[in-house]
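To keep things clear, I will list the structure first and then write my remarks on it.
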Amino acid sequence: MDTVTANTRPDLRVSIGGLELANPVMTASGTFGYAQEFSNLLDLDQLGGIIVKGISLEPRPGNPPPRIVETACGMLNAIGLENVGVDRFIKEKMVWLAKLASPLVVNILGDSVEEYGEIARRLDQVEGISGLEINISCPNVKKGGVAFGTVPTMAAEVTKVVRRVTELPLIVKLSPNVTNIVEMAKAVEGAGADAVSLINTLIGMAIDAKSRRPKLANIIGGLSGPAIKPVALRMVYQVAGSVKIPVIGIGGISCADDAVEFLLAGATAIQVGTANFYEPAVTIQIIQGMEDYLRQQGETSIRDIIGTVRTGAEV
Amino acid sequence: MDTVTANTRPDLRVSIGGLELANPVMTASGTFGYAQEFSNLLDLDQLGGIIVKGISLEPRPGNPPPRIVETACGMLNAIGLENVGVDRFIKEKMVWLAKLASPLVVNILGDSVEEYGEIARRLDQVEGISGLEINISCPNVKKGGVAFGTVPTMAAEVTKVVRRVTELPLIVKLSPNVTNIVEMAKAVEGAGADAVSLINTLIGMAIDAKSRRPKLANIIGGLSGPAIKPVALRMVYQVAGSVKIPVIGIGGISCADDAVEFLLAGATAIQVGTANFYEPAVTIQIIQGMEDYLRQQGETSIRDIIGTVRTGAEV
Amino acid sequence: MFSVVKTDIRQIEPYSLVAFFMSEFQENCPIETITRSASDVVCITVLASQIARTACPGQFVMVRVGNGYDPLLRRPFSIHACDQKNNSISLLFKVVGQGTAMLAALAPDDSLDLIGPLGKGFSFGNTPACLVGGGMGIAPLYFLASELAARESTNDHHILLGARNREELAPFVDQFSGLGFAVQTATDDGSLGHHGFVPDLLDAITPFAGTIYTCGPHPMMENVVRKCSQLSLPCQVSLETHMACGLGACLGCTVAGKDGYVHVCKQGPVFPASEVKWTL
Amino acid sequence: MFSVVKTDIRQIEPYSLVAFFMSEFQENCPIETITRSASDVVCITVLASQIARTACPGQFVMVRVGNGYDPLLRRPFSIHACDQKNNSISLLFKVVGQGTAMLAALAPDDSLDLIGPLGKGFSFGNTPACLVGGGMGIAPLYFLASELAARESTNDHHILLGARNREELAPFVDQFSGLGFAVQTATDDGSLGHHGFVPDLLDAITPFAGTIYTCGPHPMMENVVRKCSQLSLPCQVSLETHMACGLGACLGCTVAGKDGYVHVCKQGPVFPASEVKWTL
């Protein structure tokens, strides 16, 4: 290992199934809008990657309000996947997004396997898109509403269909609401995913005692934020130990130490979600903090720490 | 509905499959020791019920340290089910415990179906025990370590075996680390459980970035505390809508409003876990707060609010 | 400052609006003064040069509470006053929960992390103006009133304020009177002014042919909007919802608009009443 | 107070011990004074009549930090000083993380929610006593030293204190000197006393035939224990672990004992060195 002086800039580059990132820090889908919303508050070009809000085939109005509620060290959301639809996304958002230096990944979602395939097809040749992330937490309307993300064969099918229509790096985003996350990861790996990202939100609920009504109009919603970090880290650790494709860690990441924990557990990159809301420049702080960490640890490259958590008696 | 004046004492009594509780507030297994530890800090006889630390057939030393770590609004524990074993429990702890006015429920755990049956058999005729709670989160060593709590047929089998050897009210405690919690609840209901309690801890992990070591010697542990409340409430809501036996809500309950949320979602009683650690008298505060809540809502009995969350357009 | 918006900006795609009209800043703002009234109303004045320079009445800031994760989300507060000379802005709020309690406990040597100015504020409509505020909804109207007072004679305008009782309302009356306005008041308990609700005061000012600006509890605003639509008066309302980001990114701050959902943090918080769906 | 334990209490089943020797209280304790030194060491003195009345040297309290859920768990702190006349106890701690930072920010009109006195403190062994403290491990030794000074001539005993540098150590030296003790010192940087580690100072006091009481960083205590076992001296160590409850209920505060695990909060924090498993 090379010795690192305080002046050496550590190497933060990582590669995710063909996607080359200047650093491992990306923004999570649905928590960074279409990036433009944050452009006054941080330098977007410093980000390792940007993942935009989930896009469906048709525009979706989303759920009725209230859609969000704060919980202990977390929040529940039931946005209902409000988005402008793939065609307006390409026409209205991509012009601006294509000018960004950071790789852009588009998160996609559908109610049927065919929908996923069709969205991917339409995005495939669009200038400025570096990869796709498949959100499989959505219910499959044709299969009685069971989420694609809870049945390995269904997740594999979606992956295969998307794989068929695009050469873009393909990330499949896993839902944590399953008994066996490793099984899910292996299924999509086998179906051609270039990487997996995890976790999406945990399903949760909150009730207002006084009015006796659910705090979300949708009754249930997705739990995110620091509260879920331990669950996310455990799943990343389990999956990274079981698949060969790169893993992207997501869930409650709020500072550089959090991000490092995920890399040590085996993630090649990370995504920051809820933290963007309360600290818009948190991603930049994390990138800076990762550099400091590497210097302190006497490492020259972030790649050298991936999966190096010391679980044995080796010390 | 009767009108309630400020002087009327609301009726807090509930019944859990033959277990009559003066109020719905119990202490969760593993978070209240053998009750004696708390006897100087609150009046144990005011509790709706007491559930003691999980008891196995043989004494268990538990896991090596560190066993606990704080997380955002929660904690991870990997105690490793340290306990004195069923025989010493009966000999050493029951003398003192039998004197308490509150119903005592013993939480039991085993590595095989036979062990569960044998512990239940030994506890069956012991004076002062009002019920058993089966912890099915443990791995079944005979079935390759898959947790009883993740496979419906295995959970049902444990329930049946215990049911066969005891007439005591039988609560089965469900693990949240499953895709389909309703399926688990229905399986144990069908196998003869008098009630289900949920949730046990979510599986999580934490890493110390500096030393690159897991913060728990056991690597993974169970997440509890306010952080998990939304997940617990969602599962209680789902299960209460799907089974006929009473549901006991557990997970992050820290104040009367939290407890009320679980009752509105359909729980007949609740258990307080982690909160006992930082606020030993929290259960007493919750009981008092429930009375205040009923007065404010103009209700005379706690039983009238169970499952009354308003999810429709009824307002 | 307080620019007159000529084009109907709601025809423009919301996200390009950002680039046109707004630039928000994240500022670490030293607290200059913090005062707490008898009725648990707190006023914090902070140095916030960038925000003070660009803020318009009706806009808001997102405030970080504490340094930990509980509470996790920033809290939205309207800009109550803006002093461009001293580079300061003031927030006025009531202690209603954990976040506001923590803010109330701050001291003049502490600082506040703010993002702002955010959202779309009031747009200048036909004069005269009639400001109708209820409870803490009066907070943003003071900034609006200051701008009005700076432009035109205060005699032209109407200020109608309501609250639960004298204790809550009196400090506001002093503030607006200080700008030179005659203030009409209503209290729930009759302890100051009209015994009843503030929308009742609208009856006394008709015939009126100007613009109504209102902020307050939802039922109150509904009442105001009902009267305005009966009288065919243009009305601007400032809405509140739960917000996670305040930036238009989370899509959490939805309310039902005339056609489809609108996002309060970006397309509002101030809307022409006609753009919002009311259950009148 | 500071009772001489005659029976070997470790033969007694730990849970019945509770009823025998201890009664803990939850008290809401007004802060009397709070001081913060240059090296981020904070001393808080609180009124805590029940705890002050029953506390023994080596025992600790569990302190609630803030009113929220972050941080969630109470923090354990040794009782640094106990003033039975004034019904007060003092805690001395270093700011190392979120909890201690929040405690350091408290003011004399705030109060602390304490549970205590907890655990098993030092038991009086053969005299003379030799107290060996490192860093913040010195905190509980001051309470022990006060009791010693109240019983016997301070000349009989040895006080060996170490820290990183003069800045950290000097305040302690003043404290112990104030009780009438002669204090021997060691600092990592040689800025006060011996340039090296505090266990080195043990060599200078041998031959010694009394009891060693030690508290400090684990490697330091290991060193002390190694020397004591070489010299066959009885030694009592005060251990630290992460604690959730402090009451013996969570079973989280385990360390490896001579045979099997022991729980620091209930069977400790003070143990005869021989009861603990060392990697010497």
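For reference, chains read A, B, C and D in written order, and residue numbers begin at 1 within each chain.
Definition applied: a contact is a pair of C-beta atoms (placed from the backbone, for glycine too) under 8 Å apart; a residue touches a chain by one contact, two chains touch by 3 or more.
From a predicted model like this one, the values you see are computed outputs, not experimental measurements.
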Checklist entry - Which chains are shared contacts of subunit A and subunit D? => result B, C
Checklist entry - How far is the middle of subunit B from the middle of subunit D, if each middle is the mean of its Cα atoms, in Å? => result 36
Checklist entry - So how far apart, in whole Å, are subunit C and subunit D when each is placed at the average of its C-alpha atoms? => result 55
Item to check | Mean-CA-position distance for subunit C and subunit B (Å) | outcome: 47
Checklist outcome for this item: For subunit B, residue numbers touching 2 or more other chains are 72-74, 225-227
Checklist entry - For subunit C, which residues are shared contacts with two or more other chains? => result 69-71
Checklist entry - Should the pattern of chain-chain touching be classed as line, ring, star, complete or other? => result complete
Item to check | Footprint of subunit B on subunit A - complex, ascending | outcome: 71-74, 76, 150, 177-179, 202-207, 209-214, 219-220, 223, 225-231, 233-234, 237, 252, 257, 260-261, 264-265, 293, 296, 305, 308-311, 315
Checklist entry - Which of the residues in subunit B come into contact with subunit C in the complex? => result 72-73
Item to check | Residues of subunit C touching subunit D in the complex | outcome: 68-71, 98
Checklist entry - In their complex, what parts of subunit D are in touch with subunit A? => result 69-70
Item to check | Touching residues on subunit C, where the partner in the complex is subunit A | outcome: 13, 15, 18-19, 23-26, 64, 69-74, 115, 241-245, 247-256, 260-261
